[in-house]
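Each of the next two complexes has subunit A plus one more chain, namely subunit B in the first and subunit C in the second.
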Partner chain A sequence: MSNLGSDPHRHTDMLDGREDHAPGDEPEESAGHWVRNANLGLGFSVVLTVGAFLLAASDVIYPPAIPVALIVLAIAQMGVHLVFFLHITTGPDNANNVLALAFGILVVFLIVIGSIWIMDHLDQNMMPMEQMMRMQR
Partner chain B sequence: MLGKLGLSAIPFSEPIPLITSIIVILVALGVLGLITAKGWWPYLWREWITSVDHKRIGIMYCLLGVVMLIRGFADAIMMRTHQAMAIDAPGYLPPEHYNQIFTAHGTIMILFGAMPLVLGFMNFLVPLQLGVRDVAFPTFNSVGFWLTASGALLVNISLFVGEFARTGWLPYPPLSETTYTPGVGVDYYLWAVQISGVGTLITGINIVTTVLKMRCRGMSYLRMPVFCWTSLASCLLIVAAFPVLTATLAMLTLDRYLDFHYFTHTAGGNPMMFVNLVWAWGHPEVYILVLPAFGIFSEIFSTFSGKPLFGYRSMVAATLFICVVSLMVWLHHFFTMGAGAAVNTFFGISSSIIAVGTGVKVYNWIFTMYGGRVRFEVPMLWSMGFIFTFVIGGLTGVLLAVPPADFLVHNSMFLVAHFHNVIVGGVVFAIFAGMEFWFPKAFGFRLHEGWGKAAFWCAFIGFWVTFTPFYVLGLLGMTRRLQHINFPEWSPWLYLSVVGIAILILGVIAQVMQLVVSIRDRERLRDVTGDLWDGRSLEWATPSPPPFFNFAVLPDVEGEEAYWGIKLRAVETQQLAPEPDYRPIEMPVNSPVGICTAFFAAVFGFAMVWYIWWLAIVALVAAFAGFVVFAWRDVHEFEVPVREVARVDRARRAAREALLERMSRHGALP
Partner chain C sequence: MSDGGSPAMGDNGSPAVGDGGLPASVEALRRVREDPHRLGHRPHGPREVVAGAGHGATGPANKRVIVGYGFWIFLLSDIIVFSCFFAAFAVQRGATAGGPAVAQIVDLNRVAFETAALLLSSYTCMLSFAATDARNRLWTQLFLLATGVLGLGFLLLELQEFAELAGQGITPQRSGMLTSFFGLVGLHGVHVAAGLLWLATMMAQVQLKGFRPEIIHRLMCFNLFWHALDIVWIGIFTIVYLMGSGA
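Up next is the complex of A and B:
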C-alpha cells in the first residue's frame, strides 16, 4: 500500500483501539514470533495430514466412522490454516478479516447449496418417462 | 503461423459491417493523427495514460463507458428499425448479422457501457467523499481500468475481423459449444469478458479496501455518504460474484478449446449448469450496477432538496439487505427451466422480498424531497424521472417474480420492457444525473442547462414511447430476439417503438450538443467556488477540478454530512477555519504498467481467439514481465513540496472567502 498520508498505521496511536488492519499492513511483529507462529502452524497441519492418512489406512477406530473422522480432521485443518497462516484471530484488530471470511463463507454456501438444490430439482416439471413413451407410441 | 486468421475473416461481402468498420477506422486514424499533429502524445501519456490518479482513471472509465453506450445505442437503432421492416418482409439484416447485433447490444451495454460508467463514478467519488488522497492501490487501479478497455477493444475488433457471438449476451450452451457455433464469435465474447472481468474484480477489491481502510479521521462508517455505502455494497458483490462468472466462462472455454464436457449434452455434461452458474453471477450483477445508481440519486435528492437524506440509517440497512439478498434470487431468471414448486416458490418469494429494500429507498427519497426547498436543476429532473420510471419497472419486476405469471411472459418482449425499464430508468438515468451533477467538479465548468433539459425530456419521453409498446407486444405473445415477424397485428406497436427510438436519438444529439456548447462556453460556465450546487459531502470542499492530491490537509470529520457541517460553521462565525499547518504530501508516481499489461492482455485475447498459440504465449509472458518489472521498482512516491501545497490551498481559501462574503451579502447560498 502506498503511503498516502492516510495509512492507518501512520497514526494508529491517534485512532481508537478498534482500528483495523489489512493483512500485510499490521504493525511490525518481531521476526521470532512470526517464525514460531508459522512453525507451530506447520506442525499442526503436518500432524493433521499424517493423522488422516494413518487413520484411513489402519483400523484403530471403528471402520464405518472413518469418513466422519476424516471430515473432522479436514475442518481442524482449515481452522489451523485460518489461525496460523491467515491470522484470523479473535483479537480486537481483526473485525474486517473475520467479517470478510464470514461473507465469503456465506456466498459460497448460498451458491453451492443453491446450485445443488436447483440442479437436483430440474426434472421435477418433466413428464414422467413412462407417459412420454406411451405418447410416442 | 496466423492460426485461423486469414483474409476471409474480414466481412467483404457484408456492406453494413464493412462500411461501419471503414468509418470507425478512419475516425480512429483521424483522432490519432490529430493527436500526433498537435503533439499531444507526451501530455496524454504523462497526464492520462500512465496516470494513477483516481480522478483521472474515473474520468477515463466514464469516457470509455460513454463511447460504448453510443456503440450499443447504434445496435439498438438497427434492431428497432430492422424489426419494423421485417414484418412479413425480409428486413435489411440477415439472420446471422441480426443475431450478432442483439448479442453485442446486451454485452456492450451491460459490461462495457454501464459497468465502466458505474466504476468510473466510484473511482472518482469514493476517495473524495471519504476525504482521502487516492484509492488503496492506485497503480492496481490503472491496471484494472486498462484491462476493461482491452476487453472493450476486443469486442469492437470483432466487428471488422471475424464476427461476434450470435448466442445472446449470455452464451447459453449447447448453442455456444463448438458443435453449434464453430466460428470465432463466442471466443471473442469469452476472452473480452474474461479480460475485462479481471479489471472489474481489481477495481472491486480496490474500492472495498479503500472504504474499509482509508477513511479520513472522524469518518466512521455511519458518517459516510450513502454513495460510499452503496459503492461498498456493490464492490462486495463484485468480489463475491465475478469469480463465479470467470469460473463459468473458463469452463465454457475448456469445452470449446480442449473438448471438455462441462456443458455438453454428451459425456455427462449439463448445459443447465451453465444457466444456473451464469445467473448466480448475473443477478448480483444487476445490483452491482443499480446500487451505485441509488447512491448517486441519494446524493442528488438531498443536495437539491437542501435537506439531509431522510432515513440515512434505513438507507444503509436497505443497501446491505439488498447486497445479501441479491445473492439469493438468481433462479428467477430461469423459472421455466424445470425446477419444482419448492424451488420456484423459494426464489419467487426471495425475489419479491428484495423489492422491499428498494421500496424503503424510494420512500426515503420521496420524504427527502418532502418539506425541502426543491431546486429543479437538470440532475434533479433525471432523478425524478428515475423514481417514476424505476417504480413502474420494479412493479413489473414483482409481477415477473411470481412463477406462474413468469411462465406466461418468459422470454417475451414483456421481459425486455421490464429490464430496460429498470436498467435504463435506474442505471442510465443515474449516470446522466451524476454526469450533470459532478461534471463541474471534474472539469471546472458546468454543463449547459437548456441542452441538459432538452436531453432529459427527449430521453424520458423517448424511453416510454419505445418501451411501453414492448409490454403490449409481450402480452400479445411476441418473443424477444425475433429476426423475422409474421404477425401484421403487431406492426402498429413496432412502428410506435421506432418513433420512440427517434425521440431517443434526439436525446443523444442533445447530450452531444450539451457537451459541445458547454466546452465552447466554458469560461461563462466556469465554477470558481468549487461548491456550485450547495453540496453536502466532502468532494465539494475541494476546488473544481480538485488538485491531484485532493486535500491539502486531510479533513477531520465531525458528524454526518461532513462538508455541510464545515460550511455551517463558516457561515456562523463569518470566517473560514484558521489556516492549517501545511506539510509536504507524498503521492504515488505514475506508472505505465497498467497500459502495458492491458496491451499484452488484448494481444493475448486476440491470439487465443484466432488460435495463434505462439503469440498468446509471448503476450502472456510479456504481460507478466510488466508486473515483475513493476514489483522491482525503486521509486514509489514523490513529494509535493510545502510551497506547492500551500499555494493550491490558499487559492482555494481565497475562493471560499469570496463565496462566504457573497453569501453574507445576499443572505443565501448561490
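Up next is the complex of A and C:
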C-alpha cells in the first residue's frame, strides 16, 4: 500500500489493510515498489508496442490474421497499463474500482460492437448508391 | 406482546441470533451483516472497523479514496466518449467518397515516435508520483517536467501531421472517413493539450504550496488522467494507424 500520508489517521504510522484502495494506490502486496512497477510496466509496454509495429509491417503470420493479432496485443497492453500504472488489482479492497471498470468496458463494447453491427446491416439493406442517384434525378 | 411465532427480539431491539430454530429471515439478516463474499470490504464482523475506511458506522472513507474513486468514474465516462468516436471511425473507415483511403494518410514512422513519446511520458509521470510518495520535491518537479516535454513533443508531432495533411487538401470535410479520423485523433490531442495545461498548473502548485494533502490528491488525479490518455492512444495507434496501414 502506498504511504501517502495525506490523511489524518495515516500519520500514526499504522497502515491498515482493511481500507479500500483508490485507483493509483500501490497494491498492498508490492508496497513501496513504485519504481519496480513502473519499470515492469514500461518493459511490457515496449515489448508489446514494438511487437505490434513489427507485426503490422511484416508478413510473418498469415496476413488476414494480422488485425486480430494487433487487437490482441492492444488489449494486452491496456491490461499492462491498468495493472502496473493504474494499480487495479483483484483484491477485495479494489472491488469498487473493478466493478466501475467492468461497467465501463460493458458500455464501450455495447457502443462499438453495436454501432458496427447496426451500420453494417443498414449498409447491406440499402439500395446501391448509383441506383439511388438515378432515382433522385 | 407475546413473542410466540414471531422472530425473537433481543433486549435492544435487534434480532437475536443463534438461538436455533429461528425463521430463515433472521438467518439471512445475519448473513448479510457478515457479508460472506466480502464484496467491497475487508473481512470484518468480529474485528472492529477502522475510522476513515468507509466501513461500519464510522462515516465516509477518507478523502484520498473518495477523490481517487470519483476521478476513476470520470475517466471511465471519458473513455466512453472516446468509444463513440472509435465507433464512428469503425463505421466510416470505408467511406472515402473517392478521396484518400486510410492507408494513404498514415505515416507509421511519425506514429512510432508519437507512441514512444507518450509511453515514456507515462513512465516519467509514474516516477514523479513515486517521488511525491517519498516527498522529494526536486525529483517530482524534474519528472513532471520530463512528462511535459514528452507530451509537448507528442502534440507537436500530431500538429505537424495535421498540417501536412491539410497542405495536401486532406481536411475533415473531404469525406466521412476523414471527419471521423480527425475527430478521433483530434479529440485525443485536445485531451493531451488540456493535460499539459493541468501539468504546468500542478508544477506551480507543488512549487508554491508544497505537498499539502489536496495537492497530493490533485497529483494523483493527474497521474490517473495521463495514464488513461496513454490507454486511449493504444487503441488509436492500433485501430487507426496499424490496422489502417495494412488495409
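Here, the second predicted complex is superposed on the first by the 80 of 137 C-alpha atoms of A that agree within 3 Å, B and C clash if a C-alpha of one lies under 4 Å from a C-alpha of the other, contacts with A are read in each partner's own complex, and residues count from 1 in each chain.
We adopt the following convention: a residue touches a chain if its C-beta (ideal position, glycine included) is under 8 Å from a C-beta of that chain, and two chains touch if they have at least 3 such contacts.
Keep in mind the model is a prediction, meaning the values are calculated, not measured.
Judged by the touch definition given at the top, the superposed model places A:Leu73 against subunit C, while subunit B stays out of reach. Residue contacts after overlaying the shared chain place A:Met132 against neither subunit B nor subunit C.
Legend: residue contacts after superposition of the two complexes on their common chain; A:Phe53 is shown touching subunit C, with no touch to subunit B.
By the touch criterion stated above, A:Leu106 is placed in contact with subunit B alone, subunit C being left untouched. When the two structures are aligned on the shared chain, A:Trp117 is found in touch with subunit B, with no touch to subunit C. Of the two partners, subunit B and subunit C, it is C that touches more residues of subunit A. Touch criterion not met for A:Ile61: it reaches neither subunit B nor subunit C.
Looking at the shared chain after the overlay, A:Trp34 reaches subunit C, while subunit B stays out of its contact range. Residue overlap on subunit A between the subunit B contacts of one complex and the subunit C contacts of the other covers 2-4, 6-8, 20-22, 25, 96, 103-104, 107, 111, 114-115, 119.
Chain contact summary for the complex, subunit A toward subunit B: residues 1-8, 14-15, 20-22, 25, 96, 103-104, 106-107, 110-111, 114-115, 117-119, 121-126.
Partner subunit A is touched in their complex by these residues of subunit B: 132-134, 136-138, 209, 212-217, 236, 240, 244, 270, 272-273, 276-277, 280, 324, 327-328, 330-331, 337-343, 554, 585-588, 636-637. Residue ranges of subunit A in contact with subunit C, taken from their complex: 2-4, 6-9, 16-26, 34-35, 37-38, 41-42, 45-46, 49, 52-53, 56-57, 63, 66-67, 70-71, 73-74, 77-78, 81-82, 85-86, 92-93, 95-97, 99-101, 103-104, 107-108, 111-112, 114-116, 119. Residues 38-44, 47, 49-55, 61-65, 67-69, 71-73, 76-77, 79-80, 83-84, 86-88, 90-91, 108, 112, 115-116, 119-120, 122-123, 126-127, 129-130, 132-133, 211, 213, 216-217, 220, 223-224, 227-228, 230-231, 234-235, 237-239, 242-243, 245-247 of subunit C are the ones touching subunit A in the complex.
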